[in-house]
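Alright, structures below, take your time with them.
Look for chain A in each of the two complexes below; its partner is chain B in the first and chain C in the second.
So, the complex of A and B:
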């Protein structure tokens, strides 16, 4: 009795597995993997809005797969190693390409970029095209960009330092603000995503370091840097203690635990979308050496093993079209990479975000910092160096000069070993070296 | 008196253990039916007022969730079939026979658990693409079987040790062959133990993310589909609770089904 039942179950299971595979989809279908659009609401938006529009126009169906960074990179490398793949197009952060290019995953996108340029309907920001050159090829077509800003609850604005302009805030204003909230309410309400998976490391190397020292690497242990670390210790006194647990700041903002939060635009958007009337969005602060901010770039590339490179190129054309870029900023708060889309006016929570981003980019003291390039397979060691420095100085309370000297040696070794150039705003020295 | 006190103590401990398992499940279930506004309000209410199906419905409609649930079930069933088919004979052999290298074999089985699967990611994917097993549910089930086998062997070994050899010998004196004695006498007695091994294998396969994520692209299992979208990507709280709820319910149903075997035959095993 039992054996036939088991057999039936196994047979039924085999049928269920094999039958869907036998059904065929539309004529042309491409597979697009990405580390972006991973929260479930973003994935659904991409499928229902973005790719559906593409399918209607071209008849090409997009099978979009959003993945964790680990399996994502492993899969691309495995397909490259076999020389046979199923992924037609892939989109990820600039920082992943120094690994993908030497692994033989990405093909040179210069011909695709040239085709797009010939259409004459879109102008890519030149600095984005410049940094998309990785390992001697154009590793990707710039797709979207993001940055980091401050979102504050409206009730926190009552404590903002009098006489200062929130849209042009300084790091001193931020500290004073936190102090005022603390003395008025007895609670610490400024939050940073310094928890696991949080992007606090970006704040250290791309925001506060260049704002205080004018550089990310070169002035790592300069007297200005020592001054900056003293400031961070003082700021620590007004930070919400939960900061060491936060990964995404929209959550404590919505819960009301934190009133003032700094994070990636996409990681703040859910708060703004849910309650646009409760929050204001402010540019990142300025230090003695300007208002530094990072530009996060997401690029598209066609793997060498892509089964249908031609259809993938058509999707790239669609995704970088000005109209699609406006759709993208509205949908998921990733900003355009082409000039023609930058002027479009978004609405609601997105409008607040766009205004702050514009204020940040257009500020007189603006200073663009770019992610480090040329560190190759050791790219992943860069940010932890800064986070470790923070832990030793601000959390463990070790002497600033000593820690900076030790960490600067590691930074120097990293840059010398990879013979990499300093990331802007540092001068283009190779290999980069802390003074 | 002492007997009543003992019963009371036992009941208290049992209640505590049950609460330890059930309380989080209860909280997740309640939160899955709460509105997002309620989840983000402070102080947080425990009971949803009014209960809402919005997030759950969003999940049910999200692309791939149904297929992924089905995929997870298929992979789990394949894994149970393979793990029991391979693990039970191995367990039987270990419990019945003394053969050279028996201890080494037992240790070797456990040693496979010492490999961190992460370092195998790229080679495994490369091999699977070459063999044509890539993005195939059977392929995932094979890896899950490899992960579950050590436990299946260890559990079935102790199960068969509990089945008296004399019963099989008696069956053979009455005309059964060795195989018949195993199938008609040892196996039915061992069934509750095998059910326990099956539950263990099911839970392992149902929760496994790593191999499922790297070895599939379109044919995702539920955890591979949800882990990124819900847990790591910082989805809003309502999605996380709904996702958790969605992971729990099918697993509970399956375990309840297998559990019937465990309960009806329990008396036989305890003896």
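So, the complex of A and C:
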């Protein structure tokens, strides 16, 4: 009788140990890397709110890693090269996919997109689905959108040029505004995120260039561009000198260093959330050739080497659900990619942002610019070309025509080497070439 | 086979056995250095001289030379090193001598002076940013005592002296401690006999410092200078925090070419240049500060 007793004890012990474990289920964890949500407050929000909600619902834990563009791309490409990976899901800018697709990182997301469509609870904006086709496959599922607007302190509105409409501001209005503040207070209160982590380059190529010249690349050294650089020199006289340190404009806005700031919606939101009654949100200005603005699209893709593609697809379903999309716009000011979420009425600071974005998109003179694509491994060189041009002309004071000619040669070489098409609003010429 | 047989014989004959313990203790450091220093070093060399498609090229170095920030970066790196390192060595030496004089409370003084050792360069930059930024401690203080009515902007290329001064202050504050620790260790190695002999000959404090302490401290000074100079060329987090890219430096440009332009080749060219400059300066130090036996003896 001893042997069966012993067996029973062992069995009981095994049951005691394993049953509770079986009840809680094996902990599934997926790794999600992204170039987005890099500011600390966004990372925190993503971990504590967004992914926590997903974990509560599905029991799948999300290890979220926000990385700089360089290491981010290197890691994805390295995993694709060795054919074995640890990343289950990744989310980045539309402009990165022309690198990720030929590198064999991104898988065709068409089946995932079709599954989402079958659910019938969300309608992706068709133009977003259209441009997510990269290199013959659907490279990503559209996740979030963003753009750039102006946030101004209410006390700055007293100096806004009389007779002009702030919701339809021009670049001349902006300069006059800065001048009025300067002559009344003796200080320069217009700020741009021209620091090392700032997105000032986007302002140059996606906003002011097309607004003055109607183009990002083709009219790079045109007479209109020379006129634009003369304008930027004048604007430099009313810019807060701290602009070269700013990465996120909500900080100087809240501190009161800057009264009028242009930046990415997500990088302005904290100011609006902290003190919604102190600020107004305005569309980006218009130039002689219209009101150009960038539409930033962030997409989700499952790498071919993903160890747990199924759980990653569930996270995509969660992230593109209308309710989650509303949560995202409220939390970090990235706008929805599905129609059902766009109808939701935001509150507080978000309401101000949403109104300005709508005014910008719906303006009669609106002109949409897209991030450049097709520059492949050399994508990273595009924006610095514009920022370097700014440095040479506005900071170092070199002759405009000379600098533009030299920089246009670099731009031409870049586009010729990569055989890339002009980014809208330029005409679709391949390879793109400054006239 | 014969050789294999001989080994135990020789060992028995009294030939010293190989003591493995030191090698074993060194191994982790060697593996660490190999994986995290030697291997990336070889890789950086490769990246800076090789074409992505294969084959040698000088193209990456040409792009570096043609970069709009290059001249500023090399000037600033040299200038900052030339200003910061002597200040650090001078202050480090004074603190080390003070601590070594063992005055009452010298240990507390040592601990307080060593605090910045534990602070990363980025954090140090942020601390000094909170001092010099427009709504920072300096302006608050000046405003409180009525020295300024409107806050001043210090960290702008329009105020190069302030901008440079802030970077120098941050660097001196952050990295003087390492110089002090090296020199203090060196001071404690000097045998007391030399000072006693000097006392016998009636040498005063200054003469002892000049003729005994400093010559005998030369190896430590050499080490401190080499370490600080090499690290000064790698400096960038403090500079970027305080100046953005208004004061470009070599290591910062390597960072931007990798992280922003996503061009590891030009980034590596910058890294190789930093290494080249560091090697040359180290060689100069080694030659200029050679310990000559006769000097010590004399």
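Quick note on the criterion: the second predicted complex is superposed on the first by the 405 of 435 C-alpha atoms of A that agree within 3 Å, B and C clash if a C-alpha of one lies under 4 Å from a C-alpha of the other, contacts with A are read in each partner's own complex, and residues count from 1 in each chain.
Criterion: contacts are C-beta pairs under 8 Å (C-beta built on N, C-alpha and C of every residue); 3 or more make two chains touch, one makes a residue touch a chain.
Computed from a predicted model, the values in this text were never measured in an experiment.
Undergrad: Who touches more of chain A, chain B or chain C?
TA: B
Undergrad: Would you check which partner chain A:68 touches, where first means chain B only, second means chain C only, and both and neither mean what they say?
TA: In the superposed model, A:68 contacts both chain B and chain C.
Undergrad: Taking the superposition as given, does A:380 touch the first partner, chain B, the second, chain C, both, or neither?
TA: second
Undergrad: Go through the superposed model and pick first if A:392 touches only chain B, second if only chain C, both, or neither.
TA: second
Undergrad: Now for A:184: first (chain B), second (chain C), both, or neither, which partner does it touch?
TA: neither
Undergrad: Quick one: is A:255 in contact with chain B, with chain C, with both, or with neither? Answer first, second, both or neither.
TA: both
Undergrad: Pick one for A:41: touches chain B only (first), chain C only (second), both, or neither.
TA: First partner only, chain B.
Undergrad: Counting only touches as set out at the top, which of chain B and chain C does A:429 meet: first, second, both, neither?
TA: Touch status of A:429: no partner.
Undergrad: Please write out, lowest number first, the residues of chain A touched by both chain B and chain C across the two complexes.
TA: 68, 70-71, 255-256
Undergrad: Under the definition above, what is the set of chain A residues touching chain B in their complex?
TA: Where chain A meets chain B, its residues are 6, 9-10, 13, 16-17, 20, 31, 33, 38-44, 47, 63, 65-68, 70-71, 74-75, 77-79, 81-82, 84-87, 197, 247-248, 250-251, 254-256, 267, 270, 274.
Undergrad: Which of the residues in chain B end up touching chain A in this complex?
TA: Where chain B meets chain A, its residues are 36-37, 40, 42, 58-59, 62-63, 67, 70, 74, 77-78, 81, 118, 121-122, 125-126, 129-130, 134-138, 210, 213-214, 217-218, 227-230, 232-237, 239, 243.
Undergrad: Could you pull out which chain C residues touch chain A in their complex?
TA: So the residues of chain C touching chain A come out as 52, 68, 133-135, 150, 153, 155-158, 240, 242-246, 256, 258-264.
Undergrad: Give the list of chain A residues in touch with chain C in this complex.
TA: 68-71, 73, 186-187, 194-196, 240-242, 244-245, 255-257, 377-381, 383-384, 388, 391-392, 395
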